[in-house]
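Please go over the structures that come below.
First chain A sits with chain B, and in the next complex the same chain sits with chain C.
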Partner chain A sequence: MSEVMGTVLLTHAVGLHARPSVKLTKLAKTFASSIRLATTPDGPWIDAKSIVKVMAAKVPQGTHVHFRAEGQDADDAVAALIDLVERDFDESRADATNP
Partner chain B sequence: MSANVGIVIVSHSADVAKGTADMVRQMVGDEVPLAWCGGNADGGLGTDVRSIMDAIDSAWSDKGVAILVDLGGAETNSEMAIELQPPERQGRIVVCNAPIVEGAVMAATESSGGAPLDDVKRTAEELSPA
Partner chain C sequence: MNPARMPPTLERRGQPAAPGIAAGPLVRLATAGVRRAGSGDPGRERRALSEAIGKAVAALAGLIEAASGDAAEILAFQVAMLEDEALSAPAFERIDAGHDAASAWQAAIDAETAGYQAADTDYFRARAADLRDIRDRVLRALDGTDDDSFPPGAVLVGEDVTPSRFLGIDWTAGGALALFAGSSSSHVAMLARARGVPMVVGLGAFDEDGHRDAIVDGTAGRVVLSPGKPEWAAFETERARSRGRDAEEAAAARNPAATAGGDRVSVMINIAGADELAGLDPAICDGIGLVRTEFLFRQDGVLPGEEEQYAVYRRVLEWAGSRPVVLRTLDAGGDKPIAGLTIPGESNPFLGTRGIRLSLARPDVFRVQLRAMARAAVHGNARIMLPMVTVPSEIDAAAALLDDAVRDLSAAGIACRRPPLGIMVEVPAVAAAPEIFARAAFFSIGSNDLTQYVTAAARDIAAVAPLNDPGHPAVTRLIRNVVEAGKALGREVSLCGDMGGEPRHIPVLIAAGLRSVSVAPRLVGRTKLAVAAARS
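So, the complex of A and B:
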């Protein structure tokens, strides 16, 4: 099965902190594919469904987040995750100052 | 009845327990059964087996319940509350060895994806204070 990759710029004001991390891993879990993310194209790659690993990565604002997914819904998974990051995790600017 | 593992928060302080539950609700959402208890029967600091049993009832799910505790008495009273559960619930309630706030958020996040009790517990315990 082929691998799907995608990259998105993290613009969220506080970066991939607690609440955005929860949203990202919750969305990742809705897909059957294995999904990993990294902050450089060369990795290290971490499991995008692991809240502990995603939060521990402490990805700051302005980082390019790279996704790779493998499985039957890999296309949808990468598209949905990129969309979530581009939508700033559905948080307004006011919310973004809280973790 | 929810298809997700329930989360119970047991603190010596009602304020801490409620605040932790508020964080779970706001960060993770409503799809995880959640209950909290804190303080003794007189309104002071402490934990109470009866209150913990009520919280377990309130958050009960066929997939089980993961309990997050703060200090010593919260853990021993939670274990007592588990022992007092009916036989059909035995083995489906666990106390997580994790920090109460962070562990509750991590456990609830894992639960919200439909993970089994073992995975929920492991996720909470995977967390090491950074």
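So, the complex of A and C:
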């Protein structure tokens, strides 16, 4: 089974905070693959299905988030997670930095 | 202490946080402290912790159903954390190493909390409070002191209480809060005032052990533990008086207000969120004179989006029907900092970048709010009000942004309206020369800030608080000045500070020519009675 990787730029105003983290981990849990994320290509890699781990990483805005998935639906998982971050977690937001 | 012997009556004084008087059985609010004794059997401790976590999740799920908006999202986050095995795994490891469930859980969560306390940003530091909320909820479940196990009408005593805890308590049978710490400007105090739950804060720690009953006078800021005969008699008298007054006020609230001389006076309400309107009959008021919007921004670091704001404004406007609703744009800064928005470290925030100054400095955030307001305006009689205006050009700048927002929305085919744009009169520069602000569609006197800027004294600094008197002739003279300028310019003038809800100030406001006030919903009846007694 191959490993799938992907990277996306986090633009959300305060970073990966509570509401986006809930969305991200919930989405990750819909996949059978094991999924991990990191803020640098070299890790440390954390379980993307654990809200506790994801929140504790305190990922700030402007971070490149790297995903790694292993399993049958690894392709779909990485694509879906990257899409979620790119859609800015479906939040129509009052952006804190960009007009 | 021998439980059979009643301890002597103990009286404590603190600061009033929510008015009213209540008495009831005294219940200690469980705080983080390990109380449950361990069984010594790791298997049983594991089961106890699993069950407590399950109970906490179930309790939160129940709260989510009754909550909306930010409150629901905060609770949903807490549920997600509790359901994550990564949170409880270290606690179970400690249990296996021989610790009891409660101390294992406390140690595990405290370790997790430390990571947040050390965070670089306000937002992540603020999540430490969520973790403590989670920790305490599970500890209470372990102790068997569940949220809904309070006897009806209990007086809750403790260090402080979280909003989720307050919302989880059934207050319909009465009850009161007596807090060692706490603050009268906290979110909980606001909720307590809205629900009529008497609350006293800042009592300082005391030993409530052995006391069975307590009287809480939230108006005077007084708590009496184990009241004796004279205290009970005084309480009954005060309660009878307060009930009589409540009935009289409720009756007065149903009718339009007029002075003794027959002048009609408009009495509107101040609200800080759509939730406050639940159970409130629009017929008691002539409109909403102030919708505070800061509370949409209270979740640290997360600014509310256009849809979220639009939904709240629309709910408020639909509730009011054809009655006017004054939506105030964000009044952040001063004593209302918002992480990621207000400017930290200003030497004197009350004289710094607050209100319209901040909104104009952050047009990206301001535009979102103006768009949401213009869209909601389709659903009622909306007006937009700018806080902390100092010079007329601020109105022009805001009007230009509002016009842009309306144009963009119209161009995109989104329904919207351009509401009249008025101002708060709270900076003395405006109150002294209101005639140069003809570009404002209306004036609303913010007596709290006007008084603090005129007297150069803050209400929350005890040493100078007595100087902060809205009855000072300088303040009333400025109010008269604004009322007269409003007449000359053909602009409506109202007053939306606490002064309007204090019966002793009503005669001087009526004498100054003011014919419109906006007060807390609970004060509508009282205010109308005071108006009826005033000569015009």
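Keep this in mind: the second predicted complex is superposed on the first by the 93 of 99 C-alpha atoms of A that agree within 3 Å, B and C clash if a C-alpha of one lies under 4 Å from a C-alpha of the other, contacts with A are read in each partner's own complex, and residues count from 1 in each chain.
Please note the rule applied: a residue touches a chain if its C-beta (ideal position, glycine included) is under 8 Å from a C-beta of that chain, and two chains touch if they have at least 3 such contacts.
All values reported here derive from a predicted model rather than from experimental measurement.
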Next item on the list: Identify whether chain B and chain C fit side by side or clash on chain A in the overlaid structures.
Entry: clash
Item checked: Which superposed partner A:K29 touches (first chain B, second chain C, both, neither) -> first
Notebook entry, point to check: Looking at the overlay, does A:V52 come into contact with chain B only (first), chain C only (second), both, or neither?
Noted result: both
Check: So, A:P60: does it touch chain B (first), chain C (second), both, or neither?
Finding: second
Check: A:S2 contacts which: chain B (first), chain C (second), both, neither?
Finding: neither
Next item on the list: Based on the superposed arrangement, let me know which partner A:R19 touches: chain B (first), chain C (second), both, or neither?
Entry: both
Margin query: After superposing on the shared chain, does chain C or chain B touch more chain A residues?
Written below: C
Margin query: Shared contact residues on chain A, chain B side and chain C side combined as an intersection?
Written below: 18-19, 22, 25-26, 50-52, 56
Notebook entry, point to check: Okay, in this complex, where on chain A does chain B touch?
Noted result: 18-19, 22, 25-26, 29-30, 49-52, 56
Note to self: If we count contacts the way the header does, which residues on chain A are in touch with chain C in the complex?
What the structure shows: 13-15, 17-19, 21-22, 25-26, 47, 50-53, 55-56, 58, 60, 91-96, 98-99
Item checked: Residue ranges of chain C touching chain A (in the complex, touch as defined) -> 73-74, 76-77, 80-81, 84-87, 112, 115-116, 119-121, 123-124, 127, 130, 301-307, 340-341, 363-365, 368-369
Notebook entry, point to check: Given the complex with chain A, which residues does chain B contribute to the contact?
Noted result: 26-29, 105-106, 109-110, 112-115, 123, 126-127, 130
